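You will see subunit A twice below: alongside subunit B first, and alongside subunit C after that.
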Partner chain A sequence: MTDVILEKVGKTYPNGYHAIPSVDLTIEEGEFIVLVGPSGCGKSTLLRMVAGLESISTGELRIRGERMNEKEPAERDIAMVFQNYALYPHMSVYDNMAYGLKNRGMPKDQIAEKVSDVAQMLGLTELLQRKPRQLSGGQRQRVAMGRAMVRDPKVFLFDEPLSNLDAKLRVQMRVEIRQLQRKLGTTTLYVTHDQVEAMTLADRLVVLNKGKAEQIGTPMDLYNKPATPFVAAFIGSPSMNLINANLTEQGIKISDALTLPLSHQHRGSIVWGIRPEHLEVSDERNADFALRIQAVESLGAETLIHGKIETASGDGEPLVVRLSGPHLPDVNSLMWLMAPAQHWHLFDEKTQQRL
Partner chain B sequence: MIENRPWLTFASHATLLVGIGLVALPVWMALVASTHPASAFGVGHIPLWFGDAGVETWGTVLFEEAGNGVDTPVWFMMLNSLIMALGITFGKIVISLLSAYAIVFFRFPFRNLCFWIIFMTLMLPVEVRIVPTYEVVANLDLLNSYTGLTLPLIASATATFLFRQCFLSIPGELVEAARIDGAGPWRFFFDILLPLSRTNIAALFVILFIYGWNQYLWPLLITTDDAYYTLVMSIKRMLSVTDGDIAWNQIMATTLLAMLPPVAVVIGMQKLFVKGLVDSEK
Partner chain C sequence: MTVTFPQKGLPWLLLLPQLLVTAIFFLWPAEQALEQAFYQEDAFGLSREFIGLENFIDLFTDPLYYQSMLTTLVFSFSVAIVGMSLALFLAVMADRVIRGKLAYQTLLIWPYAVAPVLAGVLWWILFDPSMGPIALWLKSAGVDWNHYLDGNQAMILVVIASTWKQISYNFLFFLAGLQAVPRSLIEAAAIDGASPFKRFWTIVFPLLSPTTFFLLVVNLVYAFFETFGVIDATTKGGPGQSTTTLVYKVFDDGFVGLDLGGSAAQSVVLMAIVGLMTVIQFRFIERKVQYS
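Take a look at the complex of A and B:
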């Protein structure tokens, strides 16, 4: 059953700034959708439009089939978790969680029951009488989620909820959010700029760029078949190597000296891409090209090698290679690489679409 | 400031003691003077230690009419002063809270213009606009009434400005969270805004109470009925006797009494007052 439908939803600010031209998105019940993109791409604006904190300039938003454009945030049956948590500083944890229910006129004993249920689920029972300033960052984050959960809304909205936490806690909360969402089965819209968060949490990802949805799909879809160079570069870390090239009869002409053989009916300027993890080390005979190593980043489990494709003139394209395990090649030495054709990504340079 | 230098400690303490002495001396003299007979001042020297007429003077001041042309007892005037001071204080706080709320949280045309017009009234204190204000109050038939005493002084640009700054520091996400939690404008105001500006309200209360209590010119102008005389203005009245001795001892006792409520308010609310001026709990 479809839960949330965004139909040609757009946003224009009074000063004429076109933040979001038009976004179409259909969300199934219980789905975990992550909106991801660089800062300023309009992902938070879109979320706030669903929440009702920003007006919708064009298009229509429907939740469970009901038009929501003109409804107040409180009438939309949504709950939101903010980046800085936005807990009421003068209220105890209990009151923070109960406030929304109180405003809805729920009887006191019912509120107490709901709050204590959610508090138990989140491990907040001990903290119910504390004030937000007496809590750690992770605990505040949990209270903010509790405040959303206690309302039992149709849709959860998360606005970069983990970006104020330290790295370790972020990973822990990420897993926890995912588990809770599965357990509750509540439709969720989640905004982040962190692609790891996006990949691990999402049922489906929406990659936004300048207010436009570049691609919508499962994390693996986006990883394996990015629709545009933007998505290709955004998903995956380190990001995909993208090199401007020419598609000719002989194949992909990367530079005067280097042409990778390929038979393809398309001709003209293209963007050729390959992920750092798909490049393979080989010997000189089988290699597609050589890399002049410029820097080596050893991370233990993997090694990132930064370099330039070796050419006669020395102005080859920069490239990153990711090898598993520790490697310690010399800087400035040559490394022979193979680029298996099944891992190539080709994009038309003009239309920026996948070929 | 952390290092331990004995002479510095000594010097700073000495400076503080001299300062305290300077400030406290007039109060001390008033206290001492209230225990001497009225004639003691006429002689020409100022006594620095208690006399023997203290009980009598204080008894007169507290329980009888203040004398010297003022026919109401001091406690009654204190009551008037209190009503006026509290009226002004609460009125100012309520009105400026509401106007700051409107200016900060609601989008309406000429919002900023409204704020600056309010702000400009800082340039027009009662003393400047006293004639037209008097006329308005007189025309409204409010002379000799508590309303007349308080209402013209109730608007406050300073307090509005202070609350505006306080409200502006409240993060926007808090407002949005409240909206999602279904809090309408009034709920938001009472449940979130008021508790968050608690310390600011307390600080303003102290300042405004002292301001209200010490009003002199305005009550002097609009009250002609003894029933509405306030304490501060009556001290002046007690001084202006055409013939006979000025009862300095009674005046001093009254002055001391007039100082008590502001002192009590300052001491009682000191903690909140400092908190309100220094930190914001947000």
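Take a look at the complex of A and C:
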């Protein structure tokens, strides 16, 4: 069953700034959708439009079939977790969680029951009488989630909820959010700029760029078949190697000295891409090209090698190679590489679309 | 940041003007008042006699003194409550304005720059029973306005005149307080189903409580001690004793009634009250509420 529908939803500010031209998105019930993009791409604005905190300039938002454009945030049956948590500082954890229920006129004993259930689920029972300032970052984050969960809303909205936590806690909370969402089965819209967070949480991802949805799909769709160079560069870490090239009869001409053979009917300027993890170390005879190593980052489980494609003039394209396990090649030495054709991504340079 | 001076003398030299002002206009008179409170002096200051605590005993057995204390309390709390409520209302409105915000804010701050006596005279003219526009309008509306005869009306007049000036000050602090309340809290409350009215009273107002308490103390101190000019310019403490606050009484008894010893004793009591209020104020400002 479809739960939330955004139909040509757009946002124009009174000063004429076109924040979001038009976004179409259909969310199934229980789905976990992540809006991801660089800062300023309009992802938070879009989320706030769904919440009712920003007006919708054009298009229509429907939740469970009902038009929501004119409804107040409280009437949309949504709950939101804010980046700074937005806990009421003068209220105890219990009152923070009970506030929304009280406003809706729920009887006191039912509120107590609901709050204690959710507190139990999140491990907050001991903290119910504390004030937000007496809690750690992770605990505040949990209270913010508890406040959202206690109301049993149709839709959860998360606005970069993990960006104020340290790296270790972020990973832990990420897993927790995913498990809770699975358990509750509540439709979720989640905003983040962190592509790892996006990939691990999402059923489907929406990659936003300048207010436009560049691509909507499962994390693996986006990884395997990015629709544009923007998505290709944004999804995956380290990001995909993208090199401007020319598609000719002989194949992909990267430089005067280097052409990768390929028969393709398209001609002209293209962007050739290959992920760092898909480049293979080879020997001089079998290699497609050589890399002049400039820097080596050893991370233990993997090694990132930064270099330039070796050319006579020395101004070859920069490239990153990701090898599993430890490697210690010498800086400035040459490394022979193979770029298997099944891992290539080709984009038309003019239209920025996948070929 | 700490600034260190190469020589010891310069910091003292820089402090000297303020220290001199404090000494001449505060410490010395205070010491004089304290001393005088234990003497009885003739009207011309030619002779005086040590009488111990007699001035204080007279003071605390005088029903007029208690009357004046009550007047001061009524006056001060009226000024504080009316002034703060109006200022809070204006601040909430100004906070919501999007266009011309600065113009409203600037205009609302202006009255603070008006000298107390001028404020008093201004309202005195507006309310003058024979020619004041407001008084005439009130008369046409059926209210028999004459603050020269009616003690309650006189009280209302001095409260209005004193409040008007203080609203600007309160407004500034409330506006700053409102702007310090994170927007996301209001938004969270909106999603939590609270009406704008409820949002204000359950979220914004409690978060303003440090500001509110600070202003309450400042307003009370203002009404207690800094409204002499306004009262002198409008009602001169009358009719009868109806607007004679403690500070006005010090002046009235000392310089009109020429009971210098009794007046000095009253000053000493007032000094004790100022001290007490300052302690309360500072203790409270020490512990600020954190928005987090």
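Keep this in mind: the second predicted complex is superposed on the first by the 355 of 355 C-alpha atoms of A that agree within 3 Å, B and C clash if a C-alpha of one lies under 4 Å from a C-alpha of the other, contacts with A are read in each partner's own complex, and residues count from 1 in each chain.
What we mean here is this: contacts are C-beta pairs under 8 Å (C-beta built on N, C-alpha and C of every residue); 3 or more make two chains touch, one makes a residue touch a chain.
For clarity, every value in this text was computed on a predicted model and none was experimentally measured.
J.: Have a look at subunit B and subunit C on subunit A after the superposition and call it: clash or fit.
T.: Taken together on subunit A, subunit C would clash with subunit B, as the superposition shows.
J.: After the superposition on A, what does A:Leu53 contact: first (subunit B), second (subunit C), both or neither?
T.: Both: A:Leu53 reaches subunit B and subunit C.
J.: With the two complexes superposed on chain A, say which partner A:Tyr99 touches: subunit B (first), subunit C (second), both, or neither.
T.: Both partners, subunit B and subunit C.
J.: Would you check which partner chain A:Asn84 touches, where first means subunit B only, second means subunit C only, and both and neither mean what they say?
T.: both
J.: Between subunit B and subunit C, whom does A:Pro132 touch in the aligned arrangement: first, second, both, or neither?
T.: A:Pro132 sits against subunit C, while subunit B stays out of touch.
J.: Can you give me the overlap between the subunit B contact set and the subunit C contact set on subunit A?
T.: After superposing on chain A, subunit A residues 51-53, 72-74, 78-80, 82-84, 86, 88-90, 99-100, 103-104, 133, 147 contact both subunit B and subunit C.
J.: Applying the document's contact rule, which stretches of subunit B touch subunit A when the two form their complex?
T.: 171, 173-174, 176-183, 187, 191-192, 195-196, 198, 281-282
J.: Along subunit A, where are the residues that touch subunit C in the complex?
T.: Touch list, subunit A to subunit C: 51-53, 72-74, 78-80, 82-84, 86, 88-90, 99-100, 103-104, 132-133, 147, 151.
J.: How about subunit A: which of its residues touch subunit B in the complex?
T.: 51-53, 72-74, 78-80, 82-84, 86-91, 99-100, 103-104, 133, 147
J.: Quick one: in the complex, what on subunit C touches subunit A?
T.: Touching subunit A from subunit C are residues 182, 184-185, 187-194, 198, 202-203, 206-207, 209, 289-292.
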